[in-house]
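Take a look at the structures listed below.
Below, subunit A partners subunit B and then partners subunit C, in two separate complexes.
Coming up: the complex of A and B.
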């Protein structure tokens, strides 16, 4: 009954849509359109240096530009605001040559001084940016002339160009920042992006309007000129089935936030197009706190990794829409070590049981394992909410089969982050976006990064040294080699249970030309320059 | 209106009247079946309720694609819904019963004390007023914040939420009993306060409290399921009806049975409990009898 009602509504809405479209055709040709993108959560603000949420980056990529851009392959750095750049032989000085004629949304000309201001604000301790480390160890950033910026580092940083493609490195207007103060990125914004900030109603919607003068788009797009729709409205719809209904009924033209369970239904809908990125750069994993008694033995951790059936999880919970993960980062990521492909731990319940037996954990009549009277029952901290609850339960089900009793404790997102910064759990669930092996490894496996994000307490001098070597590498081979060694180390020690890699999926109406999903920071629309009505 | 203690013949006829009420009898029978099924869950359940399989979201047998091995189909993790339902009703019923028993017991004592010792009456009743102003769900959230989530937290929350209502009902019944001559007489022959409360006050209040608790049982289960639905209840993998409904929410569009079967069970339990409670009130409340 509910379905018929829904279908009726859909039909009615569709009819309405057709009328509206017809009216639009009469009123104004070509560009008079607005599109609505539904998404799950809003950001607390849209200040590039103070917001690390994906929700913030989604908008920042559209309202502002970075010096360099990232191609769809997630490996090739392409021009952005800089038309070209040079790196000194010692890897410490990057010289960026800016494009001519770039203007802010308010019409002011953008110069090298604006770039310097933005990047310096990012690393200024007063800004308290949680992602300042991504800029590397900066000695100074100077404007040589109006169109040349010199980025000087204390030590080489092989990841720099990749980090500069992120939304934290966008160029913003100093006058606007100073005028708005704490309201910057809340009540207003001024960038050089293909879209301009119009109005934000927190937890409701954020309106962006086309920047008509834009012609400095990154070359990864066919269209590097002005955006091809008049207006983009980012609308918050927290309930996943409602978002699904919104794209199915045409209330939203495009979104990446629909439940996997409904993708097949949406694919069958002749008015919709579901597209997917080639690789996946968002990984879900469960990490072990390796200095906790219960999971301190490598064999126990390995057994738990062996017990979890990633293929079943991808199939059962995600309808085969995600890529089962056996590696900690995507095997398509920059600097992934191909030699590890055959060494990854794959599901093997029997071997898991054997390992536990050898480690002295004996199966008792209640179906669980004990050692010295202690039950093998690791405490797992997780986010409450359907995604993690389902994942944790699936893992729990798999671990039961080998006699491990996973004790799941789920917390609301507001307290979960704090809980996961403590030392009181054995396992934690987490997911994260990354560009490359270096990006992921430097974040999670540096001993300086305990207690978060290195919640595993992985403290290994050799890892630190290898990470430093990779970071300071002057050529890609040295870098790949150093990071490859770290990858091998951590995979061997079984510090994570990798669960799945999430590819970027976009659902869009066929009224729009096909939009190619990008993986950068999980923001599928990236700059939105290819969004247009057919 | 008074003297119900030694009135055995009348009580027997009360039960006869209860059995004459067809709807109530049916409700009682359904409830009995559910309780029996829940109690016998370990013997009745065809599968391990926690064992995951690689056949998720299997439809129930009345659908063409259903399998007799899983009569009610499987949930999102491939677990047998029938088995989970049996174990789930167990937990749900236990949750309802315990919280009503604990809350009812404490509430009754508080209500009787309040009626017996008039000096502390205003104080107790103001505390009860304060407690009454908290919605049960809010109480549940607060308790979960203190004790962590889990069945125990839910039972505590529901028991606390039950206390003020029961205290009120008990007090109003007890105040009437306190005005009776036999209480005065008991005091005159030197019975202690404890004996008076236990033997005369309590026994004369219990029928109205019992009726109230029967009705409350349904509400408590509903609120408990709601708390569980919000993720404050039973810890996975244990099955609980409200939690099962919550887990089925994601599949509502194409596998509605995962959410609807446990929801219907909750509905059935609550409906039956309320009908039985209603019928009990009809036969036990002397004022309605006339």
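Coming up: the complex of A and C.
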């Protein structure tokens, strides 16, 4: 009798469970024309002048516009909010003529005054923008009339247009900034982009809706507006395999954040498309603090550079999906000096050993080198986490072959930046995005930029002079030559160990028309104007 | 009863203070410097120092704690160091999904656990008993992240039956329901084991009691004997266990929420700790502690309702 009763109870429970499951398994209709983009991390906020994270730029490019835009080749500047522009002969005045009919998401007309406000807010010391230097040495920015902006520099800055394509230079609405105060870019945003800000739930998702009035997109797109999907949801999924599974199962339509190890599996999936940009402008390197005793000898640094096998790292750690770096910047970058093509950094373990022998570092029975009783054991500071841990260990293995004992000390990202601002290490690991040789070299090798971002303490008046020359050059050849000389100089002094250039890869469902990956500041979707369902 | 509840509430005050103090001290030990995080990678040390002063991080830890305590008593949990949003707002947005997840977990796992335990007790020593107990042991032994990834792999990735990223919407919507299935099942699977085992033991004990023998002697149907006379009496220890385990579920929810990107308090706490967002992490810890205290309070009250001797003591 007990069995009968229990069977009845179990039946009831089972029936309830089945109903629940059945209800759950009914396919839910997705919001028409809505796409979800999964990514690893969120930004701290979406204020163009206060956020330097790639995660912020990804969204800012979509919700706002810049005066000029950058073509897929990462070299050609195209119109943006400005339909045309002129540069004065002395290279100090840029005059931008704005497109007519541009409106903010709230319907307000955008004028030259908005451009002036945005750019001045960027360079205002009160804003404390960490990237204000990118705006050049500004004398003044003036609204000549409603549709003309004059950008006056104290000295020529040949990269200005490229810097103005970045998300730091987007145009924002003054009234919204003032109304929201500290909550600007947190609880709201008002830009002129192809998508409008809807809602941000920090660390979860950020929703953008199509701006129906948008028709002033950059000419690099076939569709200059409006956007072709109703909604974009940027969703944070920290776990990399979950992101991969999300795009494989259609829970995310597109992403650039999938582990390299899964790319071949994804390529084999007939429902997915993996595409890649031609150029890789995100470079990983290990830098030397050149005035630290352990690595102060040029020969030691050169030996360490020669000992590291970039090709093996790219092949073994990244399944051949990244480009081994044989220079500090990509050869495809703007202002790359072609004269350096035959002076690239190549692995040569034998030469590395010879250099160390000549420098007096003798190999002992334990397999490591010593000089005056001191072991050649540089301390390397790195980020904790899979990417840097693997990279540092690969370098450690290569360096061990020539008798160098790399002492790796990894820190959580939240303190690593602080640690790397100190003077207590010999080697550090870092990666960075850039648009041109000048962009990269001016940031990292200027004497004035010590202790950060010039963590190498590379102080050299000749480098500064060459950088000034490149920065002020009025023609591309002079600029490339000046930067080429800087690069040759720092290559020779072995200030960095170049590791690899990271290309932009997009994985998308074939339900979407193929999206061409951009590479601006590592933001593969750029303005998202070509995202559409097939 | 009111006195009992009041007594329990008063006891919660020192517990909450202890949790706040411990949470605060533990966060001091977590590697990470919020000032560096806020300042960004390019900031010179002077700027970082200025931010540290602005945030009051240069003051002694004990002073920082008491200043924090005063603000908490005034209902001000501060602002997130990262997004500048109010901690209360962020927590308010995250509490709903966590409660939703816990309810969705309990609603199927507790009845099923009790049913399985009762069946096992009635069929003691039989094949069904062994299978149920083996299932319970597996449920207790398997780490939740393993169960979560396993379910995600098959139900989400291979068979593509259910979504596994985030919350699809309110629980009453189809999309919301679909999204909660895998997290709720993952969390529930670790819950069934202890409930089934405890129910089995309790039912077995009660089935041997005099009042059950009397009930049978009176000629009652076995269904009535088991469900009304045995199970009801066996539920007292089970309720206690469910209460205690529900507290631990909060811990499980931290892992489940992280795996399934569920926007609840657990995930918020993990994210806040990883990004050195001290006010938010502290707020999340406080909410989790409060939830634990409230759950235990409810269990205490329920216990008193089920067994009047508790009130008298």
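The rule is short, and it goes like this: the second predicted complex is superposed on the first by the 502 of 534 C-alpha atoms of A that agree within 3 Å, B and C clash if a C-alpha of one lies under 4 Å from a C-alpha of the other, contacts with A are read in each partner's own complex, and residues count from 1 in each chain.
Here is the rule we go by: contacts are C-beta pairs under 8 Å (C-beta built on N, C-alpha and C of every residue); 3 or more make two chains touch, one makes a residue touch a chain.
This structure is a prediction, so every number in the text was calculated from the model and none was measured.
*Asks:* Which partner does A:165 contact after superposing on A: first (subunit B), second (subunit C), both, neither?
*Replies:* A:165 contacts neither subunit B nor subunit C.
*Asks:* Looking at A:390, would you say it contacts subunit B, subunit C, both, or neither? Reply first, second, both or neither.
*Replies:* first
*Asks:* Based on the superposed arrangement, let me know which partner A:228 touches: subunit B (first), subunit C (second), both, or neither?
*Replies:* It touches nothing on subunit B or subunit C.
*Asks:* For A:176, is the partner it touches subunit B (first), subunit C (second), both, or none of the two (neither)?
*Replies:* Neither partner.
*Asks:* So, A:238: does it touch subunit B (first), subunit C (second), both, or neither?
*Replies:* A:238 sits against subunit C, while subunit B stays out of touch.
*Asks:* Name the contact category of A:454: first (subunit B only), second (subunit C only), both, or neither.
*Replies:* The answer is neither, since A:454 touches no partner chain.
*Asks:* Once chain A of both complexes is superposed, is A:265 in touch with subunit B (first), subunit C (second), both, or neither?
*Replies:* first
*Asks:* Is A:409 contacted by the first partner subunit B, the second partner subunit C, both or neither?
*Replies:* first
*Asks:* Mind telling me which of the two, subunit B or subunit C, contacts the most residues of subunit A?
*Replies:* In the superposed model, C touches more residues of subunit A.
*Asks:* Using the superposition on chain A as set up above, list the residues of subunit A that contact both subunit B and subunit C.
*Replies:* Comparing the two interfaces on subunit A, one with subunit B and one with subunit C, the shared residues are 2-3.
*Asks:* Which residues of subunit B touch subunit A in the complex?
*Replies:* Interface residues on the subunit B side: 50-52, 54, 56, 76-79, 148-149, 231, 235-237, 247, 249-254, 256.
*Asks:* Where on subunit C is subunit A touching in the complex?
*Replies:* Within the complex, subunit C contacts subunit A at residues 31-34, 36-45, 47-48, 80, 82-85, 90, 93, 108, 111-112, 115, 118-119, 122-123, 152-153, 156-157, 160-166, 168, 173-175, 177-178, 181, 221-227, 258-259, 261, 263, 267-268, 271, 274-276.
*Asks:* Per the contact definition, I'd like the list of subunit A residues that touch subunit C in the complex.
*Replies:* 1-6, 8-10, 13, 17, 20-21, 23-26, 28, 38, 44-45, 52, 128, 130-131, 182-183, 186-187, 201-205, 235-239, 242, 245-246, 248-252, 411-412, 414-415, 417-418, 421, 451-453
*Asks:* Where on subunit A does subunit B make contact in their complex?
*Replies:* 2-3, 240-241, 244, 259, 261-262, 265, 312, 315-317, 384-386, 389-390, 392-394, 396-398, 400, 407-410
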